[in-house]
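Both complexes shown next keep chain A, but they swap its partner, so chain B is in the first and chain C is in the second.
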Partner chain A sequence: MFAAMLAALPFLGGGLLVTLEVSALVVVAALFGGLLLGTGVTWGPLALRLVIRTFVDIVRGIPVLVLIFAVYYVSPEIGLRFGNFTAAVVALSLFSTAQVTEIVRGAASSIHHGQMEAGRSIGLTFTGCLVWVIIPQAVRRFLPPWINSVADAVKGSALVSLIGVVDLMLSIQQVIGRTYRPMPLYILGAIIYFVINYTLSSLSRGFEARFAYVRE
Partner chain B sequence: MTQGDRGMSEPIVRIEKLEKSFGAVRVLNEVSLDVGKGDVVTIIGPSGGGKTTLLRCVNALETYDAGSVRIDGDEVGFSDGARRRRRGDRELARIRAETGMVFQLFYLFPHLTAAENVMLGLRRVRRMGKAEARERAMRWLERVGLREKAESLPAQLSGGQQQRVGIARAVAMDPKVLLLDEITSALDPELVGEVLAVVRGLAEDGMTMLVVTHEMTFAREVSDRVVFMEGGRILAEGPPAAVIVDPANERVRTFLARFR
Partner chain C sequence: MGYVLNFTLVWRHFGRLEWGLLLSLELAVLAIGIGSVLGLALALVHNAGGRAVRLAVGAYVECIRNVPLLLLVYLVFYGIPTVIDLRYSATTSFVVTLSLYAAAYLVEVFRAGLAAVPTGLIEAGRAIGLRRGQLLRDVRLPLMFRIVLPSLSNTFVSLFKDTSVASVLAVPELTYGAQWINFNTFRIIEVYMVVTPMYVVTGYAILWVLRRFERRLAVR
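Then we have the complex of A and B:
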């Protein structure tokens, strides 16, 4: 069994890279998207808040897999020619953005509104208040759930194999298709995903510990 | 200008026929009020009368519907010019930098030390270098009696100390007017004195102030003028002797009876 795993490894490298690439793109897009939408939904005008809320509720109410199929099969209908890789990244980014938006909103609303007023009263602009007053306080509440969402993105990326993106998951299945030995390969796959996510969650605990000690 | 000797120059704060509604509720109704340079004007009145809203309009933390608020000639909520339009974030920030606000619940920045609380506006709004900002912050902390607490976080300070940092944070910006909204009402009674003492000192030094308070003795002693507000209107205005000590207005008398 161990031998089967070792033999398979060289064929998984490319897939692993694709998984990491998809995850990284999704995480970065969702971080920017989520920060923007989270800020909008917390401090924006009513109309903007409603639009963002609706987007977040819809996206979070749809299974990720359905979202991936929807983007993949519907995008050509509306004139967008997404390849399967792009469609996968777009769909996962939408989902993760909705998640990060909620995390940002949660972190931001844990800060008393008086903080923003105090910042403004000394003459800081809205951005100045965010940078010097809100973010330094909210970051501690943001990081742990955000790193969870990164782990979710890595795990969720396995779904892109279903529209034919050759990621870690699909390369595993390809090897199985040749060797007819699913057991060792799936265990190997589980181990690789686990290692990635365990690294992330250790990182998260490290951050938590660090920000807990800073000034308290 | 009731204070004859101060009546020569344009007032620092000029509020004219200010109107403000929250939905259908009119909270400010044709409020007009001047605060001259170096004057201490105190607003008293029952809860819900619009005192806080008035101060917040002066500091542009609240928008107003009609009328005007001017700080040293500059309209606060709307741009001067041919077309009256609401000011954007950047302009508002510039105007707010000219007024200092001290809050009932302090609202110190909990992630910053006392000194850093005072320094933030100096550094990021006044664009001072670190050393200069620090020196200035230390001067003001000394002034409010907290030099040795400069490196403490707000959570490590008593309510009275926190509020004195709040005052230092506001005055360090060298504002044209200081706005104080019931700054002692969240404090334990034994801590009120130390905070009011700081405000008295500022008054003696000629700081222009618009103060909302329920401390009648304090109001009587430091105010050049007292204003009584109820239901969004100013019902009485004059020197403390006329408004607090011997009020002619019936509503003022009823209100003050509760403090005796």
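Then we have the complex of A and C:
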């Protein structure tokens, strides 16, 4: 069993890189998207809030897998020539953006609205208020769930193997296709995913403990 | 854009989506049922057991939670039968996987719930002479259930969405139905225009019903 794992290891490197690449792109895109939409949904005008709410609720209401299939198969029909890699990143980013939007909204609304009003009344601009008043306080509420969402992105990225992106999951399947010995490979894959995600979730718990003094 | 929407073929095969949705719900119900029993058992064992037991339960939780569901689904269906002599259908295999997956999330939920039962009530129960078993059955579990209900609802809806992964084992649930229509009729946009609302509406409808139920049972 152990020998089979060791022998397979060199064939998984490329896939692991793709998994990390997809995850990294998704995390960055979702961080920007989520911060923007989260700000919009917290302080924006009613029309904007409704639009963002609808987007977030729909995206969070369908399974990630369906979102990936929908983006992958529908995009050429409406004239977008995505490769499978791009389609995968777009679909996962949409999903993760919706998650991060909720996290941002939760973190932002945990700060008393008096803080914003006080900032504005001493002459800070809206952006100034965000940067100097809201974000320094909200970041404690934001970090732990956000890191969990990063771990979710890594786990979700396994689904991109189903539209033919050769990530870690698909490399594992490819090696099994040659050796016909699934068990060692699945366990090896589980270990690799575990190491990545356990590191992230420990980090998240660490921050949570670090910021545990914040109580309303 | 020269694309004309045509739903005829989607409606002709709507049965696949209809039965698919029902199967998805069925899978989610089974998973939350089995997962709750297992999760509750593990939570009680964790609270009562010694260091070794706590470590074992913790290891189970972390191992399941940090690995993609897709990998677990493959592992149970394709991997385990090669090691031990067991035969099972794709559906059984998926239900087992999703239940084990649900249990790992629910252990934490139940532990938090048990910890949130007010100590005063437990002491009161002890003061009127309830034994440990009675205390658990008549005081701690009913209160815990009412406390964790919102988390259970959320878990149920997220399991309902996770059933889409069963499509990789050709379990004919909603996503599989969508894929079938997609590949066989090429009415791609139409099929996703139908399936998306089916997931969204069902998910939020379940949540709405469960929220009403929760409000009635909430611990005040």
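Rule of thumb we're sticking to: the second predicted complex is superposed on the first by the 208 of 216 C-alpha atoms of A that agree within 3 Å, B and C clash if a C-alpha of one lies under 4 Å from a C-alpha of the other, contacts with A are read in each partner's own complex, and residues count from 1 in each chain.
The rule is simple: contacts are C-beta pairs under 8 Å (C-beta built on N, C-alpha and C of every residue); 3 or more make two chains touch, one makes a residue touch a chain.
Not measured: the values here are computed from a predicted model.
Of the two partner chains, chain B is the only one touched by A:P136; chain C is not. Within the superposed three-chain model, A:F126 lies in touch with chain B and out of touch with chain C [touch as defined at top].
Contact with neither chain B nor chain C is seen for A:A4 once the two complexes are overlaid on the shared chain.
Applying the stated contact rule after C-alpha superposition, one finds that A:E117 touches chain B and leaves chain C untouched. By the touch criterion defined above, A:F69 lies against chain C but remains apart from chain B after alignment on the C-alpha atoms of chain A.
Between chain B and chain C, C contacts the larger number of chain A residues. Chain contact summary for the complex, chain A toward chain B: residues 112, 114-115, 117-126, 128, 132-133, 136-137, 215-216.
Of all residues in chain C, only 1, 3, 62-63, 65-72, 74-75, 78-80, 82-83, 161-165, 167-168, 175, 178-179, 182, 188-189, 192, 195-196, 199-200, 203-204 touch chain A in the complex they form. Listing the residues of chain B that touch chain A in their complex gives 59, 61, 89-90, 92-94, 96-101, 103, 105, 107-111, 120-121, 124-125, 153, 155, 169-170, 173.
Across the complex, chain A meets chain C through its residues 57-58, 61-66, 69-70, 73-74, 77-79, 151, 155-159, 161-162, 169, 172-173, 176, 181-183, 186-187, 189-190, 193-194, 196-198, 201.
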